[in-house]
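Some structures to go through are shown next.
Both complexes shown next keep chain A, but they swap its partner, so chain B is in the first and chain C is in the second.
Take a look at the complex of A and B:
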C-alpha cells in the first residue's frame, strides 16, 4: 500500500466514521437518559435516506403513513394509561403531543411537497418526517417497560429493529436508493482529492456534535438531560420527569441519525434494511466510549470508520468481520477497566 | 398557624412487609418538626412515601390538597422538597449546575439568580467551589450543596433525611444552625434524624418512631426532658 492510497483510505474512513459518530452520539444520548440501547437508530438513518430519495423522486414517502400509524397507536396507549391512572386532565396535552403534532408534521410535509420544493426544503422535510418516529416508538414500546432491566430493554430493542426492517420493506419497498450529492465541489489536500460530500460529512458531524455540546452545557433542558443520565432519582427530586427527558433525548437522537442518513445517502446505496450495519458499527464506536462518553463514542466511531476503510481495501469480503472482531478486545479491556473502578469505589 | 402538611394513617409496604404502619403526623406553617427513632424504624421510608418515591396507603395532605396519588415531580412542582439521606447530587456536574437544576421546577425564572445569590451568601464555601464537580466535594460541602440545591426550588416544606449523617461534629453544628435559620425564611421543615439531641434542640415538635409506628409525640422542649427518651436516645443513664 502506498502512502497515497493510505491517505485516500484514511479520508474515506474519517468520512464514514463521521456518519457513524452521529449515530453513536445519538445512541449514547438515549442510553444514558433512558438505559435503552436503541438498536433501531441505524434504521432511522436508513429511513431518512429512503425518505429523501422519495421526496427527490416527487413521491410522498412511506414515512408519512408510518408516522400516522405510530401516532394513532401511541395516542391510544396514552389514553388507556391516563384512564387507568384517572388522570384525564392530562388528555389535551397527550392528544397534542402524540396525535396533533405528528399529524401536523405529516400534513405540512404533504402540502409543501406538492409545491415542488428545492433540495434544502426537501432535506428539512425528510428530517421533520423522521424525527417523530423514535419518540412515538418510545411511547409505544419502551415507556411501559421503563423500569425493566437493561437486558430486557436491549432484547426489546433488537426485536423492535426487526419489526422496523419489516415495516421498512412494507413502506419503502425493496429497491435501493442513492440520492444526488449535496455538493459537486471538490478540493485537493496534500496531493489527495477530497470530494465536497466528504468534507460536508465531516463538517456536519463537527457542527452537530458542537451544537449538542452547547445544548448540554448552556441550556437548562440540556443540563436536565445530563442530570437524568447521572442520577435518575436525584433528577426526579428536582422535578425533572424521566419520560419527558427521554422524549427529548429520542428527538435529538433521531435528528442526529436523520442527518447521518442524509449524509450517507449520496455515498452508499441504501436499502430498507441497510440501517442494521450502520447502527451496529455506531454501537461498536459507542462501546469504545463506554456507552457514556460523547467524545469517546465519536472517537470510537471514527476509529471504526477508518478500520473499515482499510479492511475493505485489504479484504472487501471480510471487512465487517474485521470491524466486529474489534468488539472482543474492546469488551475485554472495558470489563477489566470497570472492574478496577468498582474496586476503587469499594476502597 | 395553618397546617402545611399532614399524614393520616399512612402505611408503607415493601412487598408484604409493613415498614411503616398507620402513621399520623402534621407540620404547621413555619414549624420545624422532627421524627426521631432508632436505625430501621422506618424514618427514611416515611419520607420516601411523603415525596412519592414509595407508594403508600392512607391520606397525605399538602397545603389543603390531597397529594397521595401525585407523582414525585408534581409534588416537587408544588414546592414539597426532599433532601435524601444519600444526597443524590449530580456528581459529574459542577456545583453551580447542581444548584441551577434545583430551580428546574420553578415556572417563574425571574427570581432564580437572586435565589442563587442568597444560597451563595448562606453557603460561601459553595460559591468558592462553584466550578468544581460535586463529586469532588467533602462530606460537609456535599450536605451544604444538597441543602442549597433544595433551597433553589423555594420549598414550602423541606424534608431532610439524616442531614448530620457521617459528618464531623463541627459541621453537624453548622448544618443544624442553618436548618434553624431556615425558619426565618418561612420554610416548614420535616426533619428525620438519628442524632436525637441535636434534632430536638432545633425542632418545635417531635415524634418518636419505633418499628414503623409513632410511639410518642409532643413539643420538642418536653421530649428532650423525657426520662424514657433520655435513656433510649439522648445518651443518658
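Take a look at the complex of A and C:
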C-alpha cells in the first residue's frame, strides 16, 4: 500500500466515519435518556435516503403512509392508556401530539411536493417526514416497558429493527437508490483529491455535534435531558417528565440519523435493509464512548469508518467480519474501564 | 401430584411422540422435525438465558458452525456424517469456549452486545469464505446412516431428532437438579452471591455457555443432514433473535419451554405464511417478518414470563418427600477455642482520594463473637468486603488460619472457611429453602457435570440434602423445606441465609448487618440463634450498627470511625468509652 492509497483510504474512512458518528451520537443520546439501545437508528438513516430518492423521482415516498399508520397506532394506544388511567381530559393534547401533528407533517409534505420543489426543500421534506417515526415508535413500543431492564429493552429494540426492515421493503420496495451528489465541487489537499461530498459530510457532522453541544449546555430543555440521563427519579422530582425527555431525545436522534442518511445516499447505494449495518457500526462507535460520551462516540465512529475503509481494501468480503470482531476487544476494554455495581437481578 | 405422576406424564409424552409419525401427514412430520431441531437450540438458550441470565443473540452462529463443519466433512470431503458430528461438535464447543473465555467476564448488557458482535461476524464469515460455497451454500449433503440404513425421508430422521430432544430434556433436568445445576441457577443472583458460596462464577458461566453451544451444534448437524443443503441464510442474525424468541415465549428458564416455544414459533410462522397472502396479496414475505416481530414485541410487553411457567401455576404442586437421613458430608477440622483465627494487620482501602479504611488492625479468636461497629460511613462495609474478598485492600495483610488471603478470590476465601451473609438478602427466591441451603454445600461436595446429568451423584446428593435439612432445623426453619425462599418474611430470609452459610461448615461466620430492617421479635430470635451457634463453638464476626443488638450479644467490639479504629474491648468498656460516645452522640452532654 502506497502512502497515496493510504491517504485516499483514510479520507474515505473519515467520511464514512462521520456519517456513523451522527448516528452514534443519536444512539448515545437515546441510551442515556431512555436506556434503550436503539438499534433501528440505522434503519431511520436508510429510510431517509430512500425518502429523498423518492422525492427526487417525484414520487410521494412510502414514509408518508408509514407515518400515518404509526400515528394511528400510537393514538390508539395513547387513548387506551388514557382511558385506563381515566384521564380523558388529556385527550385533546394526546390527539394533537400523536395524530394531528404527524398527519399535518405528512399533509404539508404532500402539498409542497406537488409544487415540484428544489433540492433544498426536498431535503427538508425528507427530514420532516422521517423525524416523527422514532418518537411514535417510542410511544408504541418502548413506553409500555420503560422501566424494564436494559436487556429487555435491547431485545425489544432488536425485534423492532426486524419489523422495520420488513416495513422498509413493503413501503420502499427492493430497489437500491443513490441520490445525486449535493455538491459537485472538489478540492485537492496535499496531492489527494477530496470530493465536495466528503467535505460536506465531515462539516455536517461537526456542525451537528456542535449544535448538540450548545443545546445540552445552554438550553433548559437540553439540561433537563441531561438530568434525566443522570437520574430518572431525581429529575422526575424536579418536575421533568422522563417520557417527554425521551420524546425530545428521539426527535433529535432521528434528525441526526436523517441527516446522516441524506449524506450517505449520494456515496453508497442504499437499500431498504442497509440500515442495520449503518446502525451497528455506529453502535460500535458508541460503545467506544462507553454509551455515555458524545465525543467518545464520535471518535469511535470515525475510527470504525477508517478501519472499515482499510479492511475493505485488504479484503472486501471480510470487512464486516473484521469490524464486528473488533467490537469484542472494545467491549472488554469498556467493561474493564467502567466501574460496575452488582448487576441487575431479574426474576 | 407426586414424582410418579410426573414420570407417567413424561412416559405418555414419549409414547405420543413415538406414535406421531404413523398418524401425521408427511408435511406435518417435516414440521415436527424442524420443531425438534429448533428445540435443541432453544433448550440451550433456556439454560443460558433463562437459568444463567446470559442473553445471547448469537446462537444461530453456533448452529451454523456445526452445520458448515459437517457439510464440509461429508459433502465436500466425502467422509461419514458421523465424523461430521464429531468435528462439528468439537469445533463449535471449541469456538464457544474461546469466545466464552474472552467475553464471559463482561457485565450485563455488554455481554449480550458481544454476542451480537460475534454472531454477526461468524454469520458474515459463512457467506464470504471461498471454500464454503459463499452465498450459494453447500448442496448434496449425504443423509445420516446407520450401517446401510440411511435416514432419507422425514419420517426416518424424525426418530433420531426427537430421540435426541428427549434425551437432552432428561439429562438437562437431571443436571439442573444437581450440584452444578444449582450453581447455574444461582448465577442470576449476581457474582458476589455465587462467589460467596465458594463457586467459581466464571467457570460455571463458561460451562453453561459451552453446553448451550453444544446443543446448538447438535441442532446444526441434524439440520444439515435433514435439509441436505445449507446456505448462510438460516444462520444469520435474524435467526439468532428467533431462537431467543422461542426460548422466551416458552418460558425462559424452563427447558420444556424451549420445546414449547420452538413449536409455537414454528407453527405460528407456518400459519402466518399460510394466511398472510389471503389478507395482503403479494406482500407476504415482507409482512411475515413485520407480523412476527410485532408479535414478539407484544409478547415481551405483556407476557414476559412465558407459557410454561404460566401453565405450571395452574398445575397441582409437586408433592415431595422429606429428605431421608444419609451419611454426613465430611467436616472441616475446627481450630481449638481461643486460637488465633483471623488477623487483620494495617488494612487500608482507598477509593480515589477517599480513605474508606485506614490502617485498621484487629484479631478474631476461635469461639468468640466479635462485632465491628461504627457510625454511618465509618468504613464497616468496606472492611467487610475486604475480609470476604469482594474488594482488595490497597495496603496491609489479612491472614486467616495462618494463610494469607489478602489477594485471594472471593470463592477461594469462601472455600477456606469464611461463610458470609448479606445486608441486602441475596437468596434465590424461586428456589426452595432446601435448595438454597444446599447451595451452601457446594464447596463440600464434588459431583461434576456428567455425574449430575447421568444421576451418578445420588449418594452425595442425599448427604447434601440431609445436611441442608439439618441446618434448616438448626435455625428453626425445618418445617417447610420445599417452600420457595421468596415467600419468607425478611426476618426468616436472614435466618435462611445463616442456614446456607452454616451448610458450608464454616470456620468463621461473617454477618453483614444481620439486624438491619428486622422487627424487635425477629431481632430477639436472631440473637438467640447466634448465641446457640456460639455454644456450638462457632466463631462469628458481625458488622452492625444496631447498638442494643450488639451489646447484649457479643464478646468483644471493634469500633471504627472515619475509617480508622477508634478502640476495641468488651461491650461494657466500649459503652463507657468517651471517644465512642463522642463519635456516636457528638460529645458528652
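Please note the rule applied: the second predicted complex is superposed on the first by the 338 of 347 C-alpha atoms of A that agree within 3 Å, B and C clash if a C-alpha of one lies under 4 Å from a C-alpha of the other, contacts with A are read in each partner's own complex, and residues count from 1 in each chain.
We take it that a contact is a pair of C-beta atoms (placed from the backbone, for glycine too) under 8 Å apart; a residue touches a chain by one contact, two chains touch by 3 or more.
Computed from a predicted model, the values in this text were never measured in an experiment.
Novice: Is A:146 touching anything from chain B or chain C once the two structures are fitted on A? First, second, both or neither.
Specialist: Neither partner.
Novice: Give one of first, second, both or neither to describe whether A:68 is in contact with chain B, with chain C, with both, or with none.
Specialist: neither
Novice: Check the contacts made with chain A and report whether chain B or chain C touches more of its residues.
Specialist: Touched residues of chain A are more numerous for C.
Novice: Quick check on the superposed pair: does A:239 touch chain B, chain C, both, or neither? Answer first, second, both or neither.
Specialist: In the superposed model, A:239 contacts chain B only, not chain C.
Novice: Using the touch definition from the top, say if A:103 reaches chain B (first), chain C (second), both or neither.
Specialist: neither
Novice: Looking at the overlay, what does A:112 touch: chain B (first), chain C (second), both, or neither?
Specialist: Neither partner.
Novice: So in the superposed three-chain picture, is A:251 touching just chain B, just chain C, both, or none of them (first/second/both/neither)?
Specialist: Neither partner.
Novice: Kindly classify A:199 by the partners it touches after superposition: chain B alone (first), chain C alone (second), both, or neither?
Specialist: A:199 contacts neither chain B nor chain C.
Novice: Regarding the shared-chain residue A:8, is it in contact with chain B (first), chain C (second), both, or neither?
Specialist: Neither partner.
Novice: List the residues on chain A that touch chain C in their complex, please.
Specialist: 37, 141, 144-145, 150-152, 154-156, 158-160, 162-163, 165-167, 169-170, 276, 280, 284, 287, 317-318, 320-321, 324-325, 327-328, 331-332, 334-335, 340, 342-347
Novice: Write out the stretch or stretches of chain A touching chain B in their complex.
Specialist: It comes out as residues 86, 220, 223-224, 226-227, 230-231, 233-241.
Novice: Where on chain B does chain A make contact in their complex?
Specialist: Interface residues on chain B, with respect to chain A: 51, 53, 69, 71-73, 76-77, 81-82, 84, 88-93, 97, 100-102, 104-105, 149, 153.
Novice: Per the contact definition, I'd like the list of chain C residues that touch chain A in the complex.
Specialist: It comes out as residues 53, 55, 57, 99, 102-103, 105-110, 112-114, 116-118, 120-121, 124-125, 128, 188-192, 237-238, 241, 244-245, 248, 283, 285-290, 292-294, 296-297, 300-301, 304, 429-430, 486.
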